[in-house]
Amino acid sequence: MNDFRDLYQEMILDHYRSPRNFGPLESQNLSARGYNPLCGDEVELHLYRDGDGILRDISFEGCGCAISTASASILSEVLKGRPENEVRGIFEEFHKMITEEGTAPEGEGLAKLKVFSGVKNFPVRVKCATLVWHTLIQALNEKEEEVCTE
Amino acid sequence: MNRQSHTDEPGGTSLDLATVRSLFPCLQQQIHGNPLVYLDSAATTQKPISVLEAMDGYYREYCSNIHRGIHTLSERATAKYEDVRNKVAALLRAPDPRSVVFTSGTTEAINLVARTIGRERVGSGDEVLISAMEHHANIVPWQMLCEEQGATLRVIPCSDEGDLILDDLVDLISEKTRIVAIGHVSNAIGTVNDIKRIIHSAREMGALTVVDAAQSVPHMNIDVEDLGCDFLAFSGHKVYGPTGSGVLWGRLELLEAMKPWQGGGDMIRTVSFEKTTYADVPLKFEAGTPDIAAVIGLGAALDFVNEIGLDAIYAHEKELLDEAVAKLDQVSGVQIVGRPNQRASSISFVLDGVHPHDVGTILDQKGVAVRAGHHCAMPLMKRFGLVATIRASFGVYSESEDVDSLVEAIDEVKVIFR
Amino acid sequence: MNRQSHTDEPGGTSLDLATVRSLFPCLQQQIHGNPLVYLDSAATTQKPISVLEAMDGYYREYCSNIHRGIHTLSERATAKYEDVRNKVAALLRAPDPRSVVFTSGTTEAINLVARTIGRERVGSGDEVLISAMEHHANIVPWQMLCEEQGATLRVIPCSDEGDLILDDLVDLISEKTRIVAIGHVSNAIGTVNDIKRIIHSAREMGALTVVDAAQSVPHMNIDVEDLGCDFLAFSGHKVYGPTGSGVLWGRLELLEAMKPWQGGGDMIRTVSFEKTTYADVPLKFEAGTPDIAAVIGLGAALDFVNEIGLDAIYAHEKELLDEAVAKLDQVSGVQIVGRPNQRASSISFVLDGVHPHDVGTILDQKGVAVRAGHHCAMPLMKRFGLVATIRASFGVYSESEDVDSLVEAIDEVKVIFR
Amino acid sequence: MNDFRDLYQEMILDHYRSPRNFGPLESQNLSARGYNPLCGDEVELHLYRDGDGILRDISFEGCGCAISTASASILSEVLKGRPENEVRGIFEEFHKMITEEGTAPEGEGLAKLKVFSGVKNFPVRVKCATLVWHTLIQALNEKEEEVCTE
C-alpha cells in the first residue's frame, strides 16, 4: 500500500500553507504561464536571468493543490542563484525521480527536492509536481504559449 | 410496443439493497486495502451482471453486423438491437420508437442536433439560450454554432443556492431565441431544474427545446410528451449501461424534416455518384455500423432499471442525498456548494484550506472514489468563485455506509492538513 | 512505445487453425442443425475470448470514467485506454501515438475528416476524387461536402476485372483536386488497390489523401509513413475488436492545425461563456465519454492479431481465397465478379437464374452465413450491371472446409432452382 | 428446423421463372413504385381501376428475388377483377398469415396465396413477400412517393 503520508510530507504541507517567493517580481525579465487541466490550477512563474545565465531571482503566483504549490515554492528556493544549464539538468533528474526508479537530484542544496519522491506512487499527481518545472523550461526557452500538462 | 407499467406511488417498492449490490461485480473489491466506496456514479455508473451478460451473449452467440443481413446471426442481432429502441421509447414514454436515435452518448446527440437542425434554424442575430449550470457538452456545441452563424449565446443565471433564476425568463426568451438547451439535472451540484416551465416559455416563443437528460434519466421518471420538449439526450453508461451507448430522442416530424448529419452505410436508401437518397428515420441518423453490443447492453440496463423502478430508485437516492447533506453539514470546514430546491444525483463541496485535488487523493487512499475538479462545468465553478469541488454522486447501489465512509475519510484529510 | 517486430517472410509462421478457432466462442455453434460456416467477416469479424475478457475485465474490475479522474479505478481505466493508442500507433507504424484519434468506426472517422479539414480545404470549383469501388462510407461524406461547397466529385473508373484504371490518373488529379479518398481493399469484390501510387500522384498535386483501410487493416501490414497518406481510417469491429471502436490516424501537424469537430467534455482546455480553448490532439477530437470498454477491447484484439502476425494471416487468407476462386470457378452457373490483380478479404459472385437474396436464404439454412446485397457499394454494383451479389469473406479462423460447405450449399440451391 | 422447401414451393419457383402479367399496361390509370433496400429490388405496379372500384387489370415490372417476383405475379392473377375494398381486406389477412399465426385468406380464388405461408418462418423475407402489396395500397391511395420497406 502506498501511504499518502509519503506524499503529504510535513515539508510539502508547510510550503503549501506558507509558500515562499510568492507574488510578482519587479526585476523580472522572463516569465511563463502553466495550466493543469486536471486540477484547474494555473501558475505564473517570474524569473530574473542575468547576463551570465544565472537565475538571480524567482517568484510565482497562482497554483492551487498542495503538491503543485509546494513544488513551485520549493523550486523557487532551490534554484535561485543557479545557472540555467544546471537547472535543466536538475529538472531531468527530478522528473526521473518522480516517474521512474530514479534517485533524487544530487548536489548541494537540492535535498529538499527529495520530498517529492513519494509522488512516484501517485501517477495522476505527477503533473501537479511537474507543472511549475515545465513552466520554467518554457520561460527559459522564451516560448510564448501557456504550458499545459494535458 | 413493450411499455412498462409505472407505479404511481413513489417509494412504493422498497429496495433490497444487499441483493442490488450483489449484482455489481465491480463493487466487490478493495482499494488500497479498504472496501471500495464508489461515489462517482455521475461520471459513470457501475454495471450489473445482466448488462455484461447481454453484451457477452451477443459476442458469444450471435455476433454479426445488423440490418441487410439475411443470415440467422444477423437476423437475431438486428431484432435484439431494434427491440432496444422499443425499450427506450417506453422509458421516455415516447409514442413512436422511430423517434429514438442511437448515438455514442449525450455529447454526440447534442452535437447532432446543433449540426443539423441547429444550423438550419439559427442565423445571424438569433439567440441560443442555455443555463449557467450546463455541462460542457451542452455549452460548446452551441457556442460553436453561434460563432459559426453569428448568433448570440445567452445564459439563464444561477442563484447562490444553485437554482436557476427564472424570474426574468420572459426577457431571456424572445422571438430571436431559436433554441433553448437546458440540463435537467446539474452533474456538478445536483440541482433538478424546472425544465417544464422553461420548455413552456420557449415553446410559446417558437423556440426549439433540447433537454440534456444525462443526469436525470438515471434518477427519475421522464415523460417526453409531458415535458413538451423537442429533443432529449442521454448516455447509456450513466444509467447502468455500457460505454458507447447513447440516445437522442426527437419529435418524429422534426427528425423526418431534418437533413442527415453523418454520411455512410445504413443511413442511405440508394447511392449513385449523381444522386443519393436517404433512409427514413431513425436510420437516417445512424450512419455506419453502430455499437451493436452497447445498444444490446443498454437494453439490459433498462430492464434492470425497470425491474427496480425509477420511483424506488429516486426515493432511495433522495434519502441518501438528504443524509449526506446533513452529515456533511456536521463536518467543520466542509462547505456544500449549492442548496437547490430539489436535488438528485450529486453533492459538491469544498473543504477549507485543502484543495479538492488533495482531498480526492487522500479519499482514494481510503477507498472512497469521488471526483475532484470542475466536472466539465467550468462556468458554474466560476459562478461560485471556485476552480474545483469535490463531488460525491450516488446510484441505486449506494448505501448509508458510503456516506459514513466519506465523512470519516474527510476527517482523515483534516488530520493531515491540520 | 510498444512496437511489434514484423517478420519479412510472409507465411513464415504457419497458423495453428484448430487452436485459433477454439478461441472464438461464437464459431462453436449450429445453425438450423448445421455447424456455423461464418463467411461474413467483412461485415464484422468474430471476437476471440481475450477481447471479451478484456472488456469484461474493465467492467468487473475497474469500471469508471477516464481522464480527470483521480481515484484508482479511473486511473487504471485511463492508463489502459491510453495504452491502446500506443498499440494502434505500433500497428500502423505511426511514429507518434498522439496522431491516433479514437472514433466509433470508419464511418465517423471519414466524416470527421470531411467535416473539419475537408470543409476548410474544399471550395467552390474544387474537386474531390474517390474511386468507383468505394463503400458508401467513403462516398456519401464527400458527396455531402461537395454539394455543400459547390465542388465536384470525380471518380477513378474500374475495369471489367475489378481493378482501378490508373492510366488516366494524371487527368483525374489536377490542381483543383483537394482531396483524394480511396479504399485500400474493396469490401464488395476484394480488390487490393495500388493506393501507394494514387497517394503519390495526389501528393504531387498537393491534394490531401485519405485511406479507407476498413478492409485492409484486418488482413495486411500497414505502414502509414511508407504509404505516405495524410489520414487513414479503420473499424475495430472488423479486426476482431468490439463494435463501437474505430480509429482515425492523421498526420500530427494536420491534426494540430485542424479545428475540432464535436464539442463537449474532454475536448476542451477551458470553457467560459466568452471564450473556449481546446485541448491538444488527440483529445481535441474525442469529445464526451468515449467507448472506453470498446477501446480496451480493441487493444486486446490488436494483441491477438500481433501474436499471430499479419503476414501469417495474409498468407492463410490468400490460400483460402485462391482455393475459393478455384472451386467456385468449377461450379457451373457461378460467375465471380471481378478478377483483380491482388485480392484480400472477399469474393463476390452471382448464380445464374437465382437472385442473390434467395441464394443467401438457402445458404443460411445450411449454416453458411454470407452477405447478399449491394454491400454498401451500389455504384460498383451498377458498374457491373448488378443490383446485388453474394459475398463470401474470410478471417483468420476461416478454413478450407468452409469453402467446401459453401460450394455444397450452392449445389443445393441449384437443385431447388433447377 | 424450418425447411426452406416450405419457402420455395414449386408454385413460387414457377411464377419466378415465368411471371404472369409482366410488362406495362396500356389501359393503366393507377400506378406506384416500390423499393426493397434489402435485396435492392424495385417493382412497378400498373392498375386499371374502373368507375365501380373494380381492379379490371393488373400488371407489374421489375422485381428480382423469387419471393418478391412470385408475390407480384400471383397478386396480379388473384386480384384481377376484384373490387378495391375486398383487395384491402385480403392484404390484411395475407399480412397476418406471413407474420403471425394467421390463416390464409379465405375465399374463392385465393388459395394460391397460401404458398406464401412458409414466409412466416423467414422473418427477413417478409418484406420481399409484401413489397408488391404495399405498392398496391400506395397506388390505390393515389400516393406519389415510392414505397420503401425499410
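Note that the chains are named A, B, C and D in the order they appear, and that numbering of residues resets to 1 at the start of each chain.
The criterion applied here is as follows: a contact is a pair of C-beta atoms (placed from the backbone, for glycine too) under 8 Å apart; a residue touches a chain by one contact, two chains touch by 3 or more.
Worth saying up front: this structure is predicted, and the values here are computed from it rather than measured.
Enquirer: If you tally contacting C-beta pairs, which comes out ahead, B-D or A-B? Let me know.
Expert: Pair with the higher count of C-beta contacts: A-B.
Enquirer: Based only on mean CA positions, could you tell me how far subunit C sits from subunit D in angstrom?
Expert: One centre to the other, that is 39 Å.
Enquirer: Could you work out how far the Cα centre of subunit B sits from that of subunit D, in whole Å?
Expert: Computed value for the inter-centroid distance: 46 Å.
Enquirer: Can you give the whole-Å distance between the Cα centres of subunit B and subunit C?
Expert: So the centre of subunit B lies 31 Å away from the centre of subunit C.
Enquirer: Going by the contact rule already set, what residues in subunit B reach two or more other chains?
Expert: Answer for subunit B, listing residues that touch two or more other chains: 32, 68-70, 270, 357, 361, 372-373, 378.
Enquirer: Mind pulling the residue numbers of subunit A that touch at least two other chains?
Expert: 38, 124-125
Enquirer: Dump the list of chain pairs that touch, please.
Expert: A-B, A-C, B-C, B-D, C-D
Enquirer: Using the touch definition up top, name the residues of subunit C that touch subunit B in the complex.
Expert: My answer: residues 25-26, 29, 31-32, 36, 38, 40, 43-44, 46-47, 51-52, 55-56, 59-65, 68-74, 104-108, 110-111, 114, 135-137, 139-144, 153, 155, 235, 237, 242-244, 260, 262-268, 270-273, 276, 287-294, 357, 360-361, 363-364, 368-373, 376, 378-379, 382.
Enquirer: Quick check on the complex: what are the subunit A residues that touch subunit B?
Expert: Interface residues on the subunit A side: 1-5, 7-8, 13, 38-41, 64-67, 122, 124-125, 128.
Enquirer: Taking the touch rule as given, give the residues of subunit D at its contact with subunit B in the complex, in rising order.
Expert: Going through subunit D, the ones touching subunit B are 35, 37-38, 123-125, 148, 150.
Enquirer: So in the complex, the part of subunit B that touches subunit D is made up of which residues?
Expert: 68-70, 75, 79, 269-270, 279-280, 283
Enquirer: Using the touch definition up top, name the residues of subunit B that touch subunit A in the complex.
Expert: 32-33, 354-358, 361-362, 365, 372-374, 378, 381, 387-388, 416-417
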